[in-house]
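This report concerns only the one structure given below.
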Amino acid sequence: MKKLINDPGDVVDEALEGLAAAHPDTLRVNLKPRYVVRADGPIVGKVALVSGGGSGHEPLHTGYVGRGMLDAACPGPVFTSPTPDQMAEATKAADGGAGVLYIVKNYTGDVLNFEIATELAAEEGIEVASVLINDDVAVTDSLYTAGRRGVGATVLAEKIAGAAAEEGRSLAEVAAVARSVNERSRSMGIALTSCTVPLVGRPTFELGADEIEVGIGIHGEPGRRREPLRAADEIVELLAGPILEDLPFEPGNEVLAFVNGMGATPLLELFIVYRRLAELLEDRGLRVVRRLVGSYITSLDMAGCSVTLLKVDQDLLRLWDAPVATPALTWG
Amino acid sequence: MVAANRNYLTALDAAIGDADHGSNLDRGFTAVREKLAASLPDDTGAVFRLTGMTLLSTVGGASGPLYGTFFVRMGKACEGKAELGLGDWSAALDAGVEGIAFRGHAEPGDKTMLDALLPAREALREAAARGAGLAEALAASAAAAEEGMRATTPLVARRGRASYLGERSAGHQDPGATSAYLLLKAAAETISKSASGCAPMPPAR
Amino acid sequence: MKKLINDPGDVVDEALEGLAAAHPDTLRVNLKPRYVVRADGPIVGKVALVSGGGSGHEPLHTGYVGRGMLDAACPGPVFTSPTPDQMAEATKAADGGAGVLYIVKNYTGDVLNFEIATELAAEEGIEVASVLINDDVAVTDSLYTAGRRGVGATVLAEKIAGAAAEEGRSLAEVAAVARSVNERSRSMGIALTSCTVPLVGRPTFELGADEIEVGIGIHGEPGRRREPLRAADEIVELLAGPILEDLPFEPGNEVLAFVNGMGATPLLELFIVYRRLAELLEDRGLRVVRRLVGSYITSLDMAGCSVTLLKVDQDLLRLWDAPVATPALTWG
Amino acid sequence: MVAANRNYLTALDAAIGDADHGSNLDRGFTAVREKLAASLPDDTGAVFRLTGMTLLSTVGGASGPLYGTFFVRMGKACEGKAELGLGDWSAALDAGVEGIAFRGHAEPGDKTMLDALLPAREALREAAARGAGLAEALAASAAAAEEGMRATTPLVARRGRASYLGERSAGHQDPGATSAYLLLKAAAETISKSASGCAPMPPAR
């Protein structure tokens, strides 16, 4: 395993210390238990957004703490959801008296731990609402399973709901915005290589030199199937097809198109992917009105990419454009 | 027990999950051992409860809330008891297993830890019904868990991370069912060593 | 070779098309010859900043075109400096009548091609000044060699000189600012893995599982020496030592600390690197007043990092903080 | 010639540079071939000049401006000549090599293309002085370039990208010296085939 780390068991805490040192004006890091909060929080009278999940997806979630996005993030160990006590502490630290929204990626661990945190917050008299993100079309949806994973739409929901909270909307309204982002988003990803969990020291799965994993999540889980390596343009078609069909996205729809790198894929390649995606969407009669290209929700050192489409409306668009000032997303 | 099997559990989880089940439980049970070493409550219920609360706040993932709830519920069932007879063990396991089902909404055959735990609690109930000794009963329960664990291999997962793999999850043994069996086996072995039953769950190793 | 690309010969043009599609509000791309200009340029009366170099270092330079930074960038083929005709066209497209500053990384190819471009611009009656960036302490400096490479300081010089130009300073003043950034900056990098040039298809060099290359540049050149892999903290010490000695940086100095990823290294690891760097600088009595952590000047899919320190003064600090709106750097 | 040796030149450049010398020159000479195929000027000087301008605008890197300048200067030296005798060739090579030295500021022994070109132009001068035939003279010139090229191997680079390697650049043959030799060899072979000399640099293949 070749990584810029010290003791593999210290990866999460040391990265958090580095994050704190690198962004002292934006955020504060607490290590026991682990959570990250806005440096200027809690914001009295504002709905607070709290998210969290396993580490290894950086900049998600800790890099999205700041004005216009998250009030707090709870990082778990690598690929392991955080615990209820972290979430409870983060909730108290972020609460500005207007309620707290949990943005929860749909993984059993995240769901259960946030569920217990919700019970703990209720005991403290803090009003909490939760929105589940489950945008991954690679997973067959069914009432009788754990359902679809939360992937790319998480970034969009955190940005857009964050802007809604910043505007002073109520807990129910902010939750509705986050839910709407999730309902209007679909994603799918592929891996060129596995990732290596520091405490494990070996790649989670082995891929041949000419193979890709199709339908991966963000935890180094193997995907739905293995296929031959192919040109970037064909990979885009492989990803866009199921996404477009699923919602479905239809001619005339205005969309935000998001090409995401899995951690070890350079920007040069992501732009090659985006090029074909933009072309394909135009061919299908969709109007791409906003774009995001970069490594925003990753899987350690995995090479690969995911595509997310969000069907926007005027409100979502305005909220997307609203100012944001976090380590990983900044504009306006 | 957990520390010794850390890499084994993680390897199982690498095949159909995210390669962390072993380190998750190792982190949790290491914390439990430290807590119990610092002060071991007399009350078995309190031991279980402390174990559960510690797992809840140190494990994370799916298994943290599930095993956490398991032990907290067992603790409630054993409240105030310094020693546990077979009936107490059976009632405790019932409560724990129901806690997991309540938290995780899994059904039998979903390829989860429940597939080891449900047969284990049945075996314990039966042993109690036929008046078996505690050590024998716990051994039977662990054996049933082992069988349930093995039976997860062909299943297609419907809960947890393995469910994302769909058909590809078949052919692999479930990590959570495996850790559940290992916990029950450790309990059976401890009780069998301490001869006449009653020691609470050992500070897992 | 596993990359998200189509024909390896099309990598640069396709990535440029993707960049153009992804940032239509910020920049325009011209393909024959290749250059990227601000969408709102040329800015009449403003000194124009033009840079360029081989591709494969993204986001450098194309991702820094926009308000407050570059007016134009000329991307060459992968790792090959662009040609004088591209530069001449870009110069004409960017020129706002107040002169043009070339920011040139010190590589023979870049230097010679920009030299010829300067001759061409003179023929067109455009006033051009050039600033050479050569901040890499891994290379022994000498009058009789090609001298030191330009690496991390390039990003800082483009940002800071870009702000100076935006403020309306004269060509000589903007050039002086860029020169000052270069003189006050020092960098050094290491690689955990080689990169793979698309047209070559194999890694440029082979590194053992327990080896790192120390003193690498940004073109997959092997470094000054090979050493055993070691903990991130020790790697930081390996890099910081020669940097601190060289300027030298001294107790009480205010610095901007920049930890850069080489392309395939995830943010999690960069923060672990930054953590130790911040600690070490504090121990040496330096005051870190600004920080930049991310993959800003890369070497395709190389894993590794570089460290750059800039000794700031009040003017440089103010210019660093000034607003910038480019695909890869945005704030204010 | 260049296309056939693309991978060889790139491999040399991978060892002490950035693995692009072969593709750089291939790109350039492919463009030259297309330009000359579209319309071949009568004037040898114009052919060289067009070659140089095309290399300048298509190669990039260090070798683009260097070989570009080389051919542009050769073109100037041959201006207006439809055929080149040995004296013309020698004057042209002198001009070209001086162009490279002017542009690149390299000294003999810096481990660059000059280390092949300087001995080549000496050999051509000498051959002209002793009244050799054109084909023989160009062959001698190519042979001197080859020797110069081989002599770059032990050198520590002081110019170009290889200089960043310091001592580690020793033990590798310089890619630019190699391409310079290959160009001169191609010129010698073409002239020797066309028997009585005078064809301009062949549309390199």
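Note that the chains are named A, B, C and D in the order they appear, and that numbering of residues resets to 1 at the start of each chain.
Going forward, contacts are C-beta pairs under 8 Å (C-beta built on N, C-alpha and C of every residue); 3 or more make two chains touch, one makes a residue touch a chain.
None of the values given here were measured: they were computed from a predicted structure.
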{"item": "Remotest chain, subunit D as reference, centres from CA atoms", "value": "B"}
{"item": "Rounded Å distance between subunit C and subunit D, as computed from the means of their C-alpha atoms", "value": "32"}
{"item": "Chain centre separation in whole Å, for subunit C relative to subunit B (CA means)", "value": "55"}
{"item": "Whole-Å gap separating subunit B and subunit D, where each centre is the average of the chain's CA atoms", "value": "76"}
{"item": "Topology of the chain contact graph, where touching chains are joined (line, ring, star, complete, other)", "value": "line"}
{"item": "In contact (per the touch rule at the top): chain pairs", "value": "A-B, A-C, C-D"}
{"item": "Subunit D residues within the subunit C interface of the complex", "value": "10, 14, 16-20, 23-24, 27, 56-66, 68, 103-104, 107, 158-161, 163-166, 168"}
{"item": "Of all residues in subunit A, those that touch subunit C in their complex", "value": "2-7, 11, 14-19, 21-23, 55-56, 58-59, 63, 192-193, 209, 229, 231-233, 235, 259, 263-275, 278-279, 288, 291, 293, 295, 298, 300-301, 303-305, 325, 330-331"}
{"item": "In the complex with subunit D, residue positions of subunit C that touch it", "value": "33, 54, 76-85, 107-109, 112-113, 115-116, 136, 138-140, 142, 144-146, 149, 197, 199-200, 204-205, 217, 219-222, 224-225"}
